[in-house]
């Protein structure tokens, strides 16, 4: 049906896209694994990060890849403060409340962005936006290859952080057994906030990686986040490895679906997988038994 | 009335219940006791329908109900209480019991009337309009009992209904349980509180490490060396016997 | 159901019905019709979410199905509008049955249930956006042909009264729910599924009944929307906006109460309107207020406006009993 080079190209492109999906999903799965909440504000926060890249580029002329250096800590702080002072207190500990509070937050952020930036599609112009590498049978876009490398790098750094550092161990302790962690003196609220901050930091990096080749509208983050949900559920809530593998799988699925069904229905494959996973194996590939 | 035939329940490599068999004859109170971790809760869950056994059968009046879902068992006349009480927190005592009453009463008015009657039966008559989550532990236990009774069961499964009660509350609860049995309901009770088991149960099964190690009337079981060992450890039976003879 | 129980409903509906007799400005009536449509969608959500405790984030699936069904039956098959309206409600209920069956049979609850309803709504939106039958990205237009037999009226007041009639019916149905065996079982499932099951409640059947009823009500809001605005596209019909509106109104007004969704819808849209007028035509400002209200409601008034009123009343009564000093 399709020539092998076309399929292989689709797979490779799927992997490249998938790595950024994985990065977006990482934050979500981390937050779920530790706080046991599904952060419905994830998409809006991604959009905010993407607009931040836009503003920084248009206003200060800073290259997105350079912007990673200061937007990441900035968004870490934003995430920390949001969890510590808004989401945590407002939800009084109830799961359904958390759901609704993050939903409310997403509405506020998204529409605030709409009010400020209007609904036009915006993008940035960088000189390397269209550069590509020739790997013989096809061309791969340079920004996307960079994105792949950086995304994997971040995943490795995150994994190292969680295994090797003290805060990482605290995070894992709270994820496993909140009460026990509190009893040994871990400040659970602080850990929650740190986790949330790490999640938004990942979004900042993802935004910097996306902007060279992508556009942004106030609703852009939402499109990504539904994909991120699918990845998190597929890979298993709380599993970093699951988010990584899930992201790559979903990237490839979307690419192949787009190849076979055309652009407009490309996303449908993702949602159908989502629904199927939820119905058949809600714990995903690597998740703990619910 | 109730027959449990060689029920086994495995969780992965762990055998929680191993070929346990028991019967609960009609109109009597049967007890199921055993040390912690014996598998009582698991066996109870299988009988109540919340867990499916790996092997074995559960029969009610000869009918095989092993695969029947929980709500269907309730229709057949099996009701259960929960060890960790589960009130409908946002509802009043009356509304809580009414949910049980609705099993046999379609109209709201009838269900509420039945709920009121049952509340008096379990001693909650003057708390009908209190919020369920404002009750003490003893009150909540009575609420559990009331809800289950409102379904007009033939067989009542009590899961440590006296757990968490102080001695005077236990003393008050025992006649309530006895009265329920006297009204025609067969009872199977899992219990830790020995004084209640001894005074209420006519026949007792002892479960230890998943196996039924003894059964019989209360005083026979309490003197059975295997039962003493199960609770107090290896050699305890011989030690207590030698202490008895040395004091003689 | 006692006449006393129906009295508040009769009073509220009666008072609202008088509005078009005093007000004739099109903008006001427009606002009211739209708000009532939202209220109906919210009442649907409230049945499953408020009374049943199953929070759906994808009620757009039912709204859009009702809307598209009504539109497509008229545009493609020339069916009478009133009949199309009825079938649209049925179509919404059918979608509710399917989504409910798949989700509840798999035991999905809480966040997982919210996610899967979101996914279903998105799938429908993508399909509607790509399918020729629904007009694809261009949308579908119902032909303007103003005749009562065609469910189109010159006067907006007529639409208002029809919307109000639907609101009234659903208010009565909700009140019936509170006093029926089905309602008691549904509430029990919300409070504690295992305990309900042990008392003989067929949890799956009860949840299915709730989602079908909920979907039918929200679908009727969609049908009404289609008849009033005469234009739909995939974002209008299946967009996240209506899923959010349907859950926001009950939470703000009073979740799990008869009047909560109606009060919430009126309060939210009234406030939204006010904000738009004060802040000018900035897109999204009213939604910022909605989102903030949602967060504030959860933080300070989880039982909504009706809950606040109740708390105030108990405090006043307690003080009156305690006496001065």
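Lettered A, B and C in written order, each chain numbered from 1.
One rule holds in what follows: contacts are C-beta pairs under 8 Å (C-beta built on N, C-alpha and C of every residue); 3 or more make two chains touch, one makes a residue touch a chain.
Since this is a predicted model, take the numbers as computed values, not measurements.
Taking the mean of each chain's C-alpha atoms as its centre, the chain lying closest to the overall protein C-alpha centroid is C.
Summarising the inter-chain layout, the chain whose CA centre lies farthest from the centre of chain B is A.
Looking at which of B-C and A-C shares more C-beta pairs in contact, the answer is the pair A-C. Taking each chain's centre as the mean of its C-alpha atoms, chain A lies 50 Å from chain B. Note: centroid distance chain B to chain C, computed from Cα atoms, is 44 Å. Rounded to a whole number, the gap between the C-alpha centres of chain A and chain C is 32 angstrom. Residues of chain B touching chain C in their complex: 48, 50, 69-71, 74-75, 79-80, 82, 86-91, 95, 98-100, 102-103, 105-108, 111, 147-148, 150-151.
Chain C contributes residues 179-181, 184-185, 187-188, 191-192, 194-203 to its touches with chain B in the complex. Here chain A touches chain C in the complex through residues 37-38, 40, 86, 89-92, 95-97, 99-101, 103-115, 118-119, 218, 222, 226, 229-230, 233, 264-265, 267-268, 271-272, 274-275, 278-280, 282, going by the rule given at the top. Chain C meets chain A in the complex at residues 55, 57, 102-103, 106, 108, 110-112, 114-116, 118-120, 122-123, 126-127, 129-130, 240, 244, 247, 251, 282-285, 287-288, 290-295, 298-299, 302.
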